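Next, two complexes with subunit A in common: one pairs it with subunit B, the other with subunit C.
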Partner chain A sequence: MADHESRSGMISRRRFTALASAGLGAAAVAGLAPISVSAANGDIPIGALMPLTGAGGPFGQNMMKAVRSAVAQINAAGGPLGRKIHLYEEDDQTDPDAAVRAAKKLIEVNKVAAVLGTWASGVTLAVAPVCQASKVVEMSTSGASKITTVQEHGFVYRTEPDDTLFGRAYAEVAATRGWKRAAILGLNVPFTVTTVSNFRAAFEAQGGTVVSYDTYNQNQTTFRSETLKAAQGKPDFILISGYEPDVTGILRSAYENGLHETFLVPGFSVSDTLIKNAGPAAEGLLLVQEGVAEGSPAYRQVVSALGGSEYYSFAAQTWDQIQLVALAIEAAKAATGAGIDRHLRAVSGPSGTKVASFAEGAPLLRKGRKINYEGASGAIDFDAHGNISMANFRVAEVRNGKIVPVRLLKGVHF
Partner chain B sequence: MSELIRQYLVSAIVIASAWAPTAAGISLIYGVLRYPNFALGEFMTLGGYLTLGLSAGFGMPLPLAALIAVIAAGFVSLAVDQTAFRAVRRAGILPPILLSLGLMLILQNVVRAFWGNGAWQLDLPLTRPYDWLGFVITPYQLMCIAVSVLAIGASYMVLLRTRFGKAVRALADNPDLALVSGIEPEPVYAGVAFMAGLLSALGGVLLGLQSVLTPLMGWDSLLPAFAVAILGGLGNLMGAGVAALIVALAGEYSLLFVQSSYKSAVAFVVLALILIVRPAGILGGRS
Partner chain C sequence: MLDFLIAIVTFTAIYAVVSLGLNLQWGQAGLVNLGQVAFFAAGAYTAAILARAGTPFPLAVLAGMVVAALLGALVALITPRLREDYLAIVTLGFAELVRLILLNEKEIGNGPSGINAIPQPLHELFSANYPLFFAFLTVAALIVVYLFNERLRRAPLGRLLRAIREDESVVASIGKSVLAFKVETFSLGAAMAGIAGAFYAAYLTFIAPEMFTASVSIYVLVAVLIAARGSNIGTVLGAVFVSVLLEGTDFIKDYIPFGTGVQIAAVRIIIMGVILMLVVLARYRKVVEG
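Now for the complex of A and B:
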């Protein structure tokens, strides 16, 4: 990356010399040079824009490792159109401003055809218009339903279950446990609105009652009274729709108030840091995590690439994103954003021969066959918007400071 | 319902214990140096993170780490006052305000640079609470309240009983008169800056003990702390303590009627209503 920057720096110096000595004609020739910087060696430039720092930091590192490993595998299999993928890596800092700057750099300087791995919904929404304006595909791991309205302009795809599906998954957990009374605490942001309204609809349809629903603001620092109020209605469980700092605060408050409530939270609000910070207050916490295709060859490869024992929801998604992009390039016979955009849905399935990697799918595409990629995170069949139409979730529980799987929720639909 | 009414009182006192020292710091700077110091919220953050660094990083016991942290924050405040703020002392109200905003950004980003954007926890074991006549409170929350009351009380006594305190009050009441009676102003300003930094940092430690440390904790507390300082009467330390309790009570009891996301708005409505009746704050300005 630094290598390429210095090369383009040299070109502009060269351009300056050319202007001074050889006149405008030479300058025009040199002016074309930056375009060839990224394509010179025939590699296909792809951008990885991930939260290596900030709130998404605990996930972003693994997301990046998974993509690197997948790129190595794809290139070893010959690469799309017989060309190698060159990965340009950027940190979005879980911050929309930083993400837009990095996306512009990837698109304008590195000439990438796709940007993979935007994690926070705010980041995905900020980067989307930049990608759409340049006809570059954006692959996201964000859940906010609001993104669907942006997807109407094309080029934006999501491998993460929409918040709507999260709401239904919570209701399904309640149904399997026989819970009838829910209290809800929600961070006052768009995803809470969608999640809670979908949860409420499904929960009430199965005979449940929401006994209290309180929203709190992002800048709230203590949660003592809110937690007590939620517990007051004698709920069977308390659903928290929030992020890690507020979920931590609420769990600690419950413990310090002598409560023994059961809490249900989204998987993206719980990292090892939460379990360390909340200590005994996290015991018995129930998580609904974005599912992966456990036992599938693709997911096994993700696990072996990362070498740990965590549940790699987001890393599995970015692994799938690069495989899908490589297959779409092969199908389009062109390494352009527009080409990828035209063929992503077709290679994602559901019709066609099932394949689990670029290496399996590319030969079939070359023979003109239809393929259906089923990857590490699930079946991934993109709908008209570019969302996955069906998702798997995993329910897990914190026991003795470890996240232990409880059961799988398969095929939660829109 | 009656149980909640009792519990919200406890919540309010616990939260007020973190706001009061910071508000007292804001009040003190405004009372003597006559500008609102927006960086004092970040001294809360600094206090919390320095305590974390000393206890988790150097293995100090938490009370010792907190003590060193707040004193260190006091010296940071003193150093900034005697350099940057001193240079603009005679330039009117706007330059120190802008300086304090700049300092706010610098401190916040220094904390981010060292500790990142994530949430941290001070190393204090979680405890189950006492239940005392239906008032549920943990030993550490009781300790926070005691420390806060002691800090405000001690600061008040310093201003009331010491020569330094007399000079502070003289400069606050009538700077010109104080100068002609031979009071050397800069050491007094330095002392005030030290006290304000220390008190704000203490507020940060107390807040950190009640929730999690994030780089935005000071920024998030800035508005309530200013509301408390104004309500208490700028320059009035005891007022800050009483006002912290009023703002916190208004916020917590609003939960009986509205969503928690309106909590701070309700607190500000109460602030506005009280200021209509008592424009100089509940206990009046400067004491």
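Now for the complex of A and C:
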């Protein structure tokens, strides 16, 4: 037996040395080309790290399209410092581990000055130390309040309203409807923790009672017991803090069990796919969506770039992110992460001449004037942390399989 | 590019240590463990919590190792009669249990928010060259674990473990306590995953439960499967292969002139899946046919 052991060991050793060296060779060849791409011309490398697959997939695809189209527009206007932006695209798979490796590739191989579009909070938190260590700006569309503690070390900016603001927006919806009893179902992810605690504080301050609060886990296949338990407390409405797959599951399970509850959910958990999958179970669903600057020229450009009729809140944010980064490069007169980090707040406003694009803002910056970028997703004025200090929300309802706007919540502050 | 390679070497070395642990359990002793990520997570969380409380790195690694080893011993003790597929199912379930505990018990590691700002050893000393220093540190750990495993493989214990793998009852019939050896092997293999976890936490400076899913167990399983059963050098090369597969496919899109980002992202995952399946298929036949 010992003999047999050593023999098979040797064969495999030889074979795998060959295999592994072939693999390493392939990686080396693969790695060489991007260097020549980025070094050959004077383009400014910018990274887009977005969820093209995984839970964020439905949003990431539009986010990427919006950035691409904005880059084309910025380059057509001459580009920052008269140089073209070269966009490097990476899929973060909505997975922190894969995202860290992709971010390392963007920073260390493609030498990007900024990484745009990290969507899931876990991804943003995992990528933040990588960006900070290399002095590269990270622009995120995540809401988790925990990110604020990371932002103390600079370089991390968010165009998404913080969960604190989401929690307050939910309470305001409840107040206008005269609701007093809330049941809460929360997916066990970072944003739920702060959303729920802020909702609870605001809701109880206006005389409401939280009758039940239960958390559930990702990839759960049935939500029967959670849904039934939430309905038991006879709430005026059930708040779900979750993503699309679980919100769909809860809606269906309520429908299957003949419950007639009113559900309030975040806008980022509802796409057309949910309405299709949940069918009649989605009727009457109330959404609180992160606002966009509807009617603004910038948002109209986002809509025409994507060519659809959805409510493109994340795509609008990434559109704004690349415009802001291009303006900050122009203001800094340097295409470096440190330069962008120093000037991002100033170009975001609120003081200075209002501009809606890089093309409008760049000439003013060259004349030494101050500008205030107001984009597709809103006014975007970064505070000391790098968060938007004020956010707009839109309340909408699902009626006859369509998302119909109900009203706007303007200027929700920290 | 060099910096990127340094990052990949660090990741590979970390996963190779986890794989060596599994190679000891599965390759040597035939104990199928689909839950190696549980011990990896245990090491990462223990070391992260201690490091944040001011414990020096070597002690944090040691603690991560001990906690992982104790968990490994626990799993071996509750599964004395399980073999092959059944042991695989239990260990897979155990790993999911550990992940759910980390997710739901907020007192341990902030639940879904995870632990951030994990201190890195000797960070002030190296500043700009830190990634290189950490890569050396990780590779050094890999070498130590590798030499330990090689020593063990050649020792009487290694022979005994392979005998258990081939036929448990023969080993029992000559008066050896099979359970005692299983517990020892399982906790040793788990301890190695614990060491790797401690390095992983210090390297990323942020950990969260969603990082410790079954896919980690599967990657290390493939690394071990690539190697001839029990071969340590094969396992390390297997880990290199998996790493090249995960990273190398990311560069494919720089060469594909067609397709949208989404299509290429999907193609990449398909390619990864197909290669993994082919490798497993080819190697499994090899292992079964002997």
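To be clear about the criterion, the second predicted complex is superposed on the first by the 373 of 414 C-alpha atoms of A that agree within 3 Å, B and C clash if a C-alpha of one lies under 4 Å from a C-alpha of the other, contacts with A are read in each partner's own complex, and residues count from 1 in each chain.
We take it that a residue touches a chain if its C-beta (ideal position, glycine included) is under 8 Å from a C-beta of that chain, and two chains touch if they have at least 3 such contacts.
It should be emphasised that the depicted structure is a prediction, and the values quoted were computed from it without experimental measurement.
Novice: Once the shared chain is lined up, is A:400 touching subunit B (first), subunit C (second), both, or neither of them?
Specialist: neither
Novice: Touching A:215 in the superposition: subunit B (first), subunit C (second), both, neither?
Specialist: In the superposed model, A:215 contacts both subunit B and subunit C.
Novice: Just subunit B (first), just subunit C (second), both, or neither: which does A:279 touch?
Specialist: Once the two structures are laid over each other on A, A:279 reaches subunit B alone.
Novice: Counting only touches as set out at the top, which of subunit B and subunit C does A:351 meet: first, second, both, neither?
Specialist: Neither subunit B nor subunit C is touched by A:351.
Novice: Determine, under the contact definition given at the top, whether A:53 touches first (subunit B), second (subunit C), both, or neither.
Specialist: both
Novice: Check the residue A:224 against both partner chains and state whether it touches subunit B (first), subunit C (second), both, or neither.
Specialist: First partner only, subunit B.
Novice: Considering only touches as defined above, state whether A:248 meets subunit B (first), subunit C (second), both or neither.
Specialist: Only subunit B is touched by A:248; subunit C is not.
Novice: Pick one for A:309: touches subunit B only (first), subunit C only (second), both, or neither.
Specialist: Neither partner.
Novice: Tell me which touches more residues of subunit A here: subunit C or subunit B.
Specialist: Between subunit B and subunit C, the winner on subunit A residue contacts is C.
Novice: Shared contact residues on subunit A, subunit B side and subunit C side combined as an intersection?
Specialist: Touching subunit B in the first complex and subunit C in the second, residues 53, 57, 93, 188, 215, 217 of subunit A appear in both lists.
Novice: Touching subunit C in the complex: which residues of subunit A?
Specialist: Listed in rising order, the residues are 1-2, 4-5, 8-9, 11-13, 16-17, 19-20, 23-24, 26-27, 30-35, 37, 52-53, 57, 60-61, 64, 89-91, 93, 95-97, 100-102, 104-105, 107-109, 122, 125-126, 128-129, 133, 144, 146, 149-150, 188-190, 192-193, 215, 217-218.
Novice: Would you tell me which residues of subunit C are touching subunit A in their complex?
Specialist: Its residues touching subunit A are 1-5, 7-8, 11, 100, 103-104, 111-114, 116-117, 130, 159, 162, 166, 204-206, 208, 210-211, 216, 226-231, 233-234, 237-238, 240-241, 244-248, 250-255, 260-262, 265-266, 268-269, 286, 290.
Novice: Show which residues of subunit A lie in contact with subunit B when the two form their complex.
Specialist: 53-55, 57-58, 93-94, 188, 214-217, 219-226, 228-229, 232, 244-245, 248-249, 252, 255-258, 273-274, 276-281
Novice: Which bits of subunit B are touching subunit A when the two form their complex?
Specialist: Residue positions touching the partner: 3-4, 7-8, 10-11, 14-15, 116-121, 125-129, 131, 136, 138, 141, 207, 210-212, 214, 216-217, 219-221, 252, 255, 259-261, 263-264.
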